[in-house]
C-alpha cells in the first residue's frame, strides 16, 4: 500500500501551502519554510525517508493528493464532512481561531460590522466557506474567493475588499511583518475552532493510521509545543474536543 | 464650364501632368485619348479634387477646385465620375448603391432618394435589377449602375475614365450606348477612352494626351481623321 | 505508338469521353482542336494515367495504361506532359525544377541531373535563368521551363495541353517556336491547342473534338482547310 | 484497477448553478467583444496614422496585448491597476482584460481587412461628394466587416475561453468560478470540470453556429 | 527615489521560471507540431470516416478552455493512477492543444497547393510520397509558417496556465515573489517584460521570414 510505497521509494512528498505564513512560506532564497514544512520533515524522519515539498495553492491541496502529485497533505486542511467523502483525515495536528483582518480606516470592529461590506478570503478554506455562507445570509455586501492567501492580502491592501477572516496565526504574522501598512486585527469571528488535519487518500488506512500515531507522538514528545513556539509563539492550542472521542 | 490652366501634377518626383490647359464648355463632349500612363486618369482625378495639384489652376463654374476654402464635397456633387472598375459598392444592392449618396450627401428622404434611384436605373436600363447585389451583375451592368449612381446626384458634368476597358468585348456596346444617350441629352462630359471610333462618333472635340501634355486638340474629324503630329499618328496606328 | 480504343471516361454522371479511338505513330505530330469542355484535357490525362477510365483501352508502346499491374510511375517517364498553367514548382529555382525528377525518379546523381537540366534549359532558351525562381519568369518562360522539365526525363512522347492559352499575346510566339523546334527534331507529340494556324503549320494530322468524340481527323489541309462536318465548320469559324 | 468512484449524482445536481455561470461567461464574452471591436477600429486606424502619439499608443497596445499571456493581462487589470488605486470589480477587471486582449488582436485583423479593400472604393465614395468619415463609415467599414467576420468569430470563441481566467481574480459567478467553488467544497475535481468542459464546448459551438447564421443573414452579397 | 527589495537572487528565480516556460513551450510545440502534421495530413487527404472523428476531437480541444483541460487531465491522470509528473501532464495537454491548431494550419497549407502543381509532379513519374515530400510539403510550409509561428507564440503565452496544476513557471514565480515582497506592479511588470522579450523577437523573425518568402514567389 501507500505506506510501503513511500518507504520503498525513499521519498515522502508533502503537499504544503507556501503563502500561508507562519505555516508555510518562502525565505529570502525562495526556499520553503514554516510549521508545516517542519512537520513534514519530522514525518519523513520518522518514516526514515527524504522529504520533498510540493507547493500547492489552497484550492489545489486535495487535487494534488488525489492526482498523486503528493503522498500526504501537510497543508492546514480543515476536516469537513463534505471533504471526508473524498479524502481521508488524520486526527487534528493544529487548530486555528478565526479573526477579522481589516485596514484601520474601514471602521470595522466586530464580525457584525462585516454586514454589507466587501469581503474576501482564500477560496476553499474553512473560513471562506463559513464567511461566504454568512454574507449570503446577510444579503448585500460581497464575497470574493481568491486563489491564494497572498492575493487576499493584496486585494485587502489595495482596497478591492475591506476585510477578510483569517486564522489568528496568519493574521498576527502578517501584521507583525509590517509589509502591509494599516492592517489591523479586529476581534474574533464567531466560528467553531477550525481543527486541521493531515490528509491522505481515503482508502489508505495504513497510512492514515500511521499519521494518527505520528500526530499523537508529536504532542506527546513536546515537539508540537516546540514547533509552535518557534513559528507562532505563545500558548499552543489544545487539540482535543471536549465530550467526545475522536 | 471646366477650365484647366497650366495644371502641373507630380507623384513624388514623377511629373505626370506637365502644364495642361483645357476648356470644356457647358453641353460639350470632350474625348481624351492617349497612351497608357500619359496622365489621363490623373487629370480627371485632379478636376474633382481627388488628387491635389502642384501648379496651375482648375476652375469649375468659376470655382477654384484647389483653393483653400473650397468645399470639395459640395463641388463633387456637381461632377459625376465613373472609373474603369471597382465602382460598385459590393455590400449594397443596386438600388442602395444609387440611393446612398442622395440620402447621405444631399440629405434626401428615403422615399425621394428611392424615386431618384429608380428613375436613373431605369434610364440606364437596369430597372429590373433593383434588389440585386452588384456581384450578380455583368461588368457592363455594373458600369451602367455606376453611371446611374453618378447621375443620381444630378451633376452638371460627368467624367468617364475608360469605363469600357475592363469589360468583355460583348459588353462594351451596352455601356457605349448609355454614354451616347447621355451625350444626346446634352450632358457635359469628359470621356477618357480607348474606343477611338466611338470617340469620333460622339464627341464635339478630341484631345490627344502624350506624356502629361495635350499634343493635339480639335474636332474629331481633324484629330482622329487627319492627325498632324507624329505621336498622334503613331498612337492611332497602334489602336485602330 | 499511342493507341486509344473506344475510350470512355465519366466524372460522376457526366460522360466526358464517349468512345474515343485514336492512333498516334512514332514521330507523328497530332494536333487536337475543339471547343471548351469537349474533353481534350481529360483525354491527355487519361493517356498518362492521371485519370482512370471507365471503358475501352489505352496502349502506350503496347502497354495497357489502365491495366492493374502497370507501373504508372515508370510509364509516365516515357510521356512528358505540359499543362496550361500552374506548372512551375514555386519553391524551387528554374534549375532545381528541372533537376528534381531526374534525381528523384530516375535516380541520377546531382551532377548528371544538373547536366541534363542545363542542357534542356539551354535548348529552350533559358540558359540564363538557371538560378531564378519561377515567380520571376514571364508566363512564356515558365511554359518553356515546364517543357524543359518534361524533356529532362527523355520522354518518347510529349503531350501539350493548350500551353499558350494562358499567355499574353506577345509571349505566345516564343513558346510556339519551342514546340516547332521539338516537332522538327522528330518528337512524337499530341498538341491540344487553340492556335489553329499553328496547328496547320506544324502537325501531320489534326483531330477535331466535339462533345467527347472525334468528329473529324485527317491531314491539316483537309480538317482545317476543307472541313466536312457542320460542327467543325462552326468551330473553325468562331476561332479563326 | 480504478479505485476512484465517480460521484456523478451530486455533480449533476449542481448543473443549474453551472448553467447560470455559463450565462455569465457568455455575457462577459459578448460584452468584451463589443468593447473590443470599438477599440480595435480605432487602434487599426492608429496603426496607419501619421500622428506619432496615436501611432505609438496603438502600437504599444497591440504589441502588449499580443505578446503577453491573457492571464497576465487579466491579473494586471485587477492587481496591477489596483496598486494605482484603480479598483475594478472582479467582473469588470476580467471584462476589461479580455476586451483589452480582443482589441489588440482584432486591431491587426481589421488592419488586414482595411488593406484588402481597394482604395478605389473610397475614391468612388468621395467622388460622390461623401466626406472622408462618411466614406469610411458607409463604404469601407461595412466591407471590412465582411472580410473580418470569420476571424472575429474565432476571437469571440477565444474570448469565451478567456473568461475562465476570471477565477484568478476572485470571480466566482462565471462558469469556471462556479465550478471551482464546487470543486474546493467537495474536491470532486474531475466530475465538475468534465461537466464544465462540455458546457464550454457547447457554448463555443453555439457561438460558431449562430455567427454563421448571422453572417448568412447579413452578407447577402 | 525608487526602492525595491528585489534581489538578484529573485531575478534569477524569475529567469528560472522563464526557463520553465520555454521548456514547456519547446516540448509542447515539438509534440504538437509532429502530431499536428499527422492530423493535418489526415484532415487534408483522409476519407470522411477518418477525417470526421479526427476533426471532431480536435474541435473539442479548441473549444474548451485550456485551464479546464489542464485541471481535467491532471485529475484524470490521478484517477488512472498514472505515475507521471504534473510537468509531463502540462506538456502533453499543451502539445495536444497545439496539435489541434497545428492540424488546421497544416491542412490549410496542403490544400493551398494547387492540384495542377501536384498533377505536374505526378506526370513526371513521381510517386505519391515523392510528390508529398518534394512538392506538397515545401510549398505548404511557406503557406503555413507564419501561422505556425503565431501558434508557437500563442502556446508560449498559454503556458502561463500550467501554474494551475502546480508548475512554477514565469507567471507563478512572479506571484511567489509578489507574495514575499509585496510589490505587485513592479514584479508583474518585469514578468510582462520577460514575456515580451521572449515573444517579440520570434514574432519579428516570423514577419521577416514571411516577407522574404513572399519576395521569392
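When the chains are written out, they are named A, B, C, D and E in that same order, and each has its own residue count from 1.
Quick note on the criterion: a residue touches a chain if its C-beta (ideal position, glycine included) is under 8 Å from a C-beta of that chain, and two chains touch if they have at least 3 such contacts.
Quick caveat: nothing in here was measured; it's all calculated off a predicted structure.
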Among the other chains, which touch chain C and chain E together?
none
Among all the other chains, which ones are in touch with both chain A and chain D?
E
Based on C-beta pairs in contact, work out which chain pair has the most and send it over.
D-E
From the C-alpha centres, identify the chain that is farthest from chain D.
C
Reference chain E; chain at largest CA-centroid distance
B
Could you state the distance in Å from the CA-based centre of chain D to that of chain E?
20
Averaged-CA centre spacing for the pair chain B and chain A, given as whole angstrom:
82
For the pair chain B and chain D, the C-alpha centroid-to-centroid distance in angstrom is 46
Let me have the rounded angstrom distance from the C-alpha centre of chain B over to the C-alpha centre of chain C, please.
46
Find every residue in chain D that makes contact with two or more other chains and list them.
3-4, 79, 82-83, 167, 189
Provide the list of chain A residues touching at least two other chains, using ranges where the numbers run on.
63, 66-67, 154
Can you name every pair of chains that touch?
A-D, A-E, B-D, C-E, D-E
List of chain D residues in touch with chain E within their complex:
1-4, 63-64, 66-72, 75-76, 79-80, 82-84, 157, 161-165, 167, 176, 179, 189-190, 193-194, 196-197, 200-201, 204-205
Chain A-facing residues of chain E, complex:
7, 9-10, 13, 71, 74-75, 77-79, 81-83, 85-86, 164-166, 168, 175-180, 182, 184
Per the touch rule, the chain B residues reaching chain D in their complex are 45, 48, 50, 73-74, 76-77, 79-81, 83, 85-87, 89-93, 100-101, 104-106, 133-135, 146, 149-150, 153
Can you tell me which positions in chain A touch chain E when the two form their complex?
18-19, 25-26, 28-30, 54-57, 60, 63-64, 66-69, 148-150, 153-154, 157, 179-180
How about chain E: which of its residues touch chain D in the complex?
60, 62-69, 71-72, 74-76, 78-81, 153, 157-161, 171, 178, 184-185, 188-189, 191-192, 195-196, 199-200, 203
